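Below, chain A partners chain B and then partners chain C, in two separate complexes.
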Partner chain A sequence: MTKSIAKPIKTPKEVEREFNLLRVLVGMAIALFIAFLIILLISKTPLAALESFIIGPLTTLRRIGNIVEAMTPLLFTGVAVCFIFSANQTNMAVEGGFLLGALGATIGATVFHLPPVLHPLVCMLLGGLFGAFACYVPAILYVKFNSKPVVSSLMMNYICMYIALGIINHVIRDPGAGFPASYTFDETAQLARILKGTHIHAGILIGLAVALFGYLYLYRSRRGYEIRMVGKNMNFAAYSGMPVNTVLMRSQLIGGFLAGMGGAVEVLGMYTRFQYQGLTGHGFDGILVGIIAGYNPAMVPLAALFLGYIRVGADVMSRMNDIPIELVSIIQSIIIVLVVAERFLYKLKHRKLVEVAHKELAREEVAAHE
Partner chain B sequence: MNNNILSAILSAEFAYSVIRVTTPLLFCALAALVCNRGGVLNIAFEGCMLTAAFCGVVGSAYSQSLFVGLLAGLAGGIGIMMLMGYFNLILNANVVLTGIALNTFASGGTVFALYILCNDKGLSTSLQSLAFPTVNIPLIQDIPMLGKILSGHNVLTYVSFLFVFLVYLLIFKTPLGLRIRAVGENPNAASSVGINVTKTKFITLLIGGLIASLGGVYMSMGYLTWFGRDMVAGRGFIGIAAQNLGNAAPVPTFVAALFFGFANALSNVLQTQDIPSEAVQAIPYIATLIGLIAYSSSTRKKRLGRKVPRRRIADGL
Partner chain C sequence: MDTVVLSMENITKVYSNGFVANKNVNFSVNEGEIHALVGENGAGKSTLMKVLFGVEKPDEGHIYLRGKEIHIDNPIVAIKSGIGMVHQHFMLVPSLTVAENIVLGMEPRKKGFFSMERAVEITEKAAAQFHFQVDATAKIEDLSVGKKQKIEILKALVRGARILILDEPTAVLTPQETKELFIELKNLRDEGLTVIFISHKLNEVTELCDRITVMRAGRSIGVQEVKNVSESDISRKMIGRDIQLNIQKTRAKPGATILEVANVSKNSSTSAKKALDSVSFRVRRGEILGIAGVEGNGQTELSESITGMNKDFEGSIKIGGLDVRSHSIRQTRENGLAHISEDRITYGIVGDGSIEENIISDRYYKPEFQKGPLLDFKKIDALADGLIKDFTIKCDGRDQPIKMLSGGNMQKVVVAREFTSGSSLIVANQPTRGIDVGASEFIRNKLVELRDNGAGVLLISADLNEVMELSDSLIVMSDGKIAAYFEDAGSVSTDELGEYMLGIKTMSPDRIRSVAGND
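Now for the complex of A and B:
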């Protein structure tokens, strides 16, 4: 008898959590499987293409560096999405916020002249504030005018794009660059490279710190609890005395700030001048990262690593073989729909839950007999 | 310079171009209207239109038949909407996130296929695709000013006007429209009187997908005569906003679409002037934000202790 008691039965909550993880993993596996199928069907050299997709990113130090470089901005936008979506706001202005953040950092890095460590910090702060502005507009439209953030944030993305391009092309454009780009950044503002032979820069460390901060804030602090509670049930949160509108605004401003910081870190670490020609897609990638991470910042680094890996793999493949890099978009979309589909693997989960309930009943019965 | 702009805006050519750029917005807005009435409003119209634009070009290029091109375009767009229905209605997935996924899929998938077919990631100009003809309306084209504005448009533009009327008939004058509205307003009540809610929602998505696909086909086979990467450029979202602004009623939605078309055409005109083009290109999107505020303040919904001053039909996004 003591044996069965020694092995604790899972609670339904644990089963739920386990299945969420399983759904993410199965979703990623199915998406990759479909990608492999597409490669096999379309490529003239399928095996070489598959090889460069799967193993390619690990073959040289530079490519490993590329993975880290690709995941760095996703850490910021991924955590930003965790904040915003935890409050159940589908504010997608993270995308525009990232670009505005890059603009803010550009202004900081070309207009101000400051000592080394202080300069990138000021640039990141400026970028963060710019990014917060992008998310502020849809947030305030919801709180004040009750206009849901879906369409307004999508519109905001385009507005951010034109703001950034307008300022770059007409105010701080370097006529000597030969293409539309800003003046070069002061060297004091650029982030230090931390590994020779790659472009890995200090941004990865800042990004990991942001993920840690996000986890502590959302899951280990009272304010984070407020955000998650408002996201789960706004009426309940209001009823228990939480300032719902303030919490909504706070979650989105923090998210926008982090997204903007990500844009700042990306341009300061990877480039010497602002040279984007449009939206970068980092915000929507951040949404995918957030979804895979289950809106938990602690999982964001893993999710970002995964996305960075398939990005670099697809890039290597598109350069060596005949499969375009857009394959990544197809993989991404399949993962999103499978992870957010509540009914996907539902039967398996249901069976598991019933099993747990049966065990629980059996144990109670045994206990009653004794 | 101001006189130049003013005379450019007051000309018949400008009014003509307003109608021309309104067409895809109107199609999308009407599709969003039907979906909103049926409780399945989503943001996948962008991907739906893009896929339709691509499939239309490819279908017409390979068959050299306009009709086959149209069918291919409709099939592609409706396919995206059916995927939306499958994931949202059957697998219970969040509607906005599914929409993001389908838009990503359409954006990447069309470029992927374009590269496979034409070895080009930007334009489909190497495909010999067909375009819908323009039509001169017999009597109207002879009226001095009006003729220039209303006649000589693409045939799909007139179809879009026709659809304002058709959608009105469908939603308010047919049994199917009644079922769609019943399901949209209260699925439980509709289900209790024997309406198959899921089936009705699928039909709604089908109709919405069909109308939006016409807009997509217009983009690549009328407005332009080729497919370009991400050529829908947010029109799918602006259509939803127009429908919000029109409170999911056909004629106000038509007016709202014209308003966004006006902003769009205005930005095209101003781009030729000495104004930073970025400021001008942002106009339609800023107008949409302002429109959303106007819509929301006129139909303020009860949220957390607020009063409900006015009747509200549609929820919006």
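Now for the complex of A and C:
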């Protein structure tokens, strides 16, 4: 008889899954908690500071707009990171790719003169190709010469930066602007604003489409399956007959393309000319977004929203109170450390597993006696 | 006179993947006995010994040494307490001499510098005391497996071990080396040492040991005097049921040649010797060709070359007429190759992947699994569920990460993939290593079934019983060369095989040549 012991027992699989989610959530909670502690310590008016940090971003339409504007480029770089890191390549040239993408779009928007709709599309394509180039270099160096992308991609970022600044300063600089910047973009190239009273532009829609595409590609198509298998165990992929090097290149080219497209969308949507003076940090933020999302593009919008929200919160807080905006960097670093730390919450998980095992044992015992 | 020297009480160990390796295990050994710890692979023997040696921490339970409770947090504590362990994989530095390895971590010094003379002295004194014959100045890499094992034992003894754990010591030895080891172990027992002998070879246990503890599925089933039990008693306790030890198979009906290996040579990556030295043979459809030999005599290189994993070799290899070197692994697989790798974790599976992801890795790209630009998950799910059922894979469902399965079930996932790809040549390299008897039996029967359906099978195995039982014809490899070829595997004795494996005997080139089919 099994009636008496019909109570369902969690399987180890469920425990494992539960803890992967828990790790991310607890990581974010701890990071926020520490941020609150810091606020309490350094602020003369901690409650007001906290309030503007938590509720501030939602108080006006303009601020809500700021959240969406902040998350838009992160959708692109976040999905880009999903592609590259799913193949287990630590290629951080998404950062340089983003800037090169902005450069590509700038060239498209100032040199070419095309009708609306077509013009931004051409600019994004150009930006994407530029971004793909940034990621191509570390990728091919690894495939051909086994040089680890961790180092080469960081170097590549500086190369990208100087390429972009060099071209802007020496080729398409507008002498009429009072600071180093390109000529203004053709109006046909700029992305339409979609909500009055904010700077929210069509880029958010393109970004969401990219996230959907990324999910379908990585998790629902054969090419995405290849990327994930190569990333999880390259030897296994080769043994199974997958073209490992091709897959590695493909994942990074797509990632670079998306990062570059993000750069294009950002300048075309937010600005009227290229006016960056250095690397923008959007690529590194994308790495954080990708990590929080567990390299699943479907989760990227949520992760990007979270980051956008605390960014705007910190911004509001720093303007209304006595807290510096750098607080956000602290929160970010704590999240990264806790989320990527595989052994974080390990003891708790292990205890849970032992408990499950005990219940299982007890059930076996009962079954054996009956 | 039977004094309990060590006892472990109520040991429970849960691994972080949720696998319960030990369930309330009690185990104790007496002074001056050879105590066998037997059980199927995965029964928890190795885990129990790792707990004893401080490699794994138990979740519950106590360990008592001479009546006093001790906490063995790491191997250093174990060694200080007089517990020594000889692992399956030797922990020796190949480029150093025997003496240097023996004193590793406790190096004798003279004027602050390492003293080679004293190291040799220590080694020779210990060797004399325990009746071991070793050359203290020889380099480890030049020694045979049997000799290396002796060094490992000596290393533990020099560190003051009174309790010696040997984890499946005979798995890597030839029959002759095994006999020698047994004599030495009996000597040690007579000196008053305690030996814990882990094995699943019952004939060895009855020959060598005094008492026996049987483990099954993480529990200890009981302790007995070896003289009071028969092998079949032990076997029944280990398995929990009677199993049929012999595979039923009819005579092979060889057909067309499916694998042709011609004059394959390969330089060794670790030594000046050749890993493969003009090896030629063929495998025909409908036959199982076994390759026996002590591990490390070229089997790994041979299987890597045939399966396209490593194309850096001389000579030619053709599968179904297709040259392996000039084609990709995918092309070779499409041309009929199935491959069970000896290194399951590195090549055979992707540990972080689900069971389903592991099953489709060789066929996910085929048109039948596509629906528009996406994968047809309805079909893939059905395939995975079907194979899980057909191959009786014990799991929580097709989306469970494969790393959470036991070794036997992982291997079943591998064979579920490799045996259903419609292949005409199966290269099975150590297909049942480290997995339980039930799964082994299942895989062996499947190999015979595939043979009967017209596939050629190349079976590489260090398990002599397995190759002898399954093979129709048999090759013995030694030093990268084919040392012997037996057209009828049934006509060979283990002793004879052992002599060829050790390189004591070699067949004439003419007789070996007949294996290539050009007689």
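Following the convention adopted for this analysis, the second predicted complex is superposed on the first by the 339 of 370 C-alpha atoms of A that agree within 3 Å, B and C clash if a C-alpha of one lies under 4 Å from a C-alpha of the other, contacts with A are read in each partner's own complex, and residues count from 1 in each chain.
In this section, a residue touches a chain if its C-beta (ideal position, glycine included) is under 8 Å from a C-beta of that chain, and two chains touch if they have at least 3 such contacts.
Everything numeric here is computed off the predicted structure, so don't read it as measured data.
Novice: So, does A:Leu47 touch the first partner chain B, the second partner chain C, both, or neither?
Specialist: neither
Novice: Quick check on the superposed pair: does A:Met155 touch chain B, chain C, both, or neither? Answer first, second, both or neither.
Specialist: A:Met155: touches chain B, not chain C.
Novice: In the superposed arrangement, does A:Ala362 touch chain B (first), chain C (second), both or neither?
Specialist: After superposition on chain A, A:Ala362 lies in contact with neither partner.
Novice: Have a look at where A:Val111 lands relative to chain B and chain C in the superposition and call it first, second, both or neither.
Specialist: After superposing on A, A:Val111 lies clear of both chain B and chain C.
Novice: For A:Leu21, is the partner it touches chain B (first), chain C (second), both, or none of the two (neither)?
Specialist: In the superposition, A:Leu21 touches no partner, neither chain B nor chain C.
Novice: Of the two partners chain B and chain C, which one touches more residues belonging to chain A?
Specialist: B
Novice: Tell me which partner A:Ala29 touches in the superposition: chain B (first), chain C (second), both or neither.
Specialist: In the superposition, A:Ala29 contacts neither chain B nor chain C.
Novice: Given the touch rule stated above, what does A:Ala238 touch, chain B (first), chain C (second), both, or neither?
Specialist: both
Novice: Can you give me the overlap between the chain B contact set and the chain C contact set on chain A?
Specialist: 235, 238.
Novice: For a test of understanding, state which residues of chain C touch chain A in their complex under the given definition.
Specialist: Against chain A, chain C makes touches at 12, 14, 16-20, 23-24, 59, 307, 309, 328-330, 332-333, 339, 341, 346-353, 357, 360-362, 364-365, 369-370, 373-375, 377, 396-397, 400-401, 404.
Novice: Once bound in the complex, which stretches of chain A touch chain C?
Specialist: 11-13, 15-16, 216, 220-222, 225-226, 228-229, 232-233, 235-243, 346, 349-350, 353-354, 356-357, 360-361
Novice: Using the touch definition from the top, list the residues of chain B that touch chain A in their complex.
Specialist: Interface residues on the chain B side: 43, 87, 90-94, 96-98, 100-102, 104-105, 107-109, 111-112, 115-116, 121, 234, 237-238, 240-241, 244, 276, 278-279, 281-282, 285-286, 288-289, 292-293, 295-297, 300-301, 303-306, 316-317.
Novice: Per the contact definition, I'd like the list of chain A residues that touch chain B in the complex.
Specialist: Against chain B, the touching part of chain A is residues 42, 90, 92, 137, 141, 145-148, 150-152, 154-156, 158-159, 162-163, 165-166, 169-170, 234-235, 238, 244-245, 284, 287, 291, 324, 326-330, 332-334, 336-337, 340-344.
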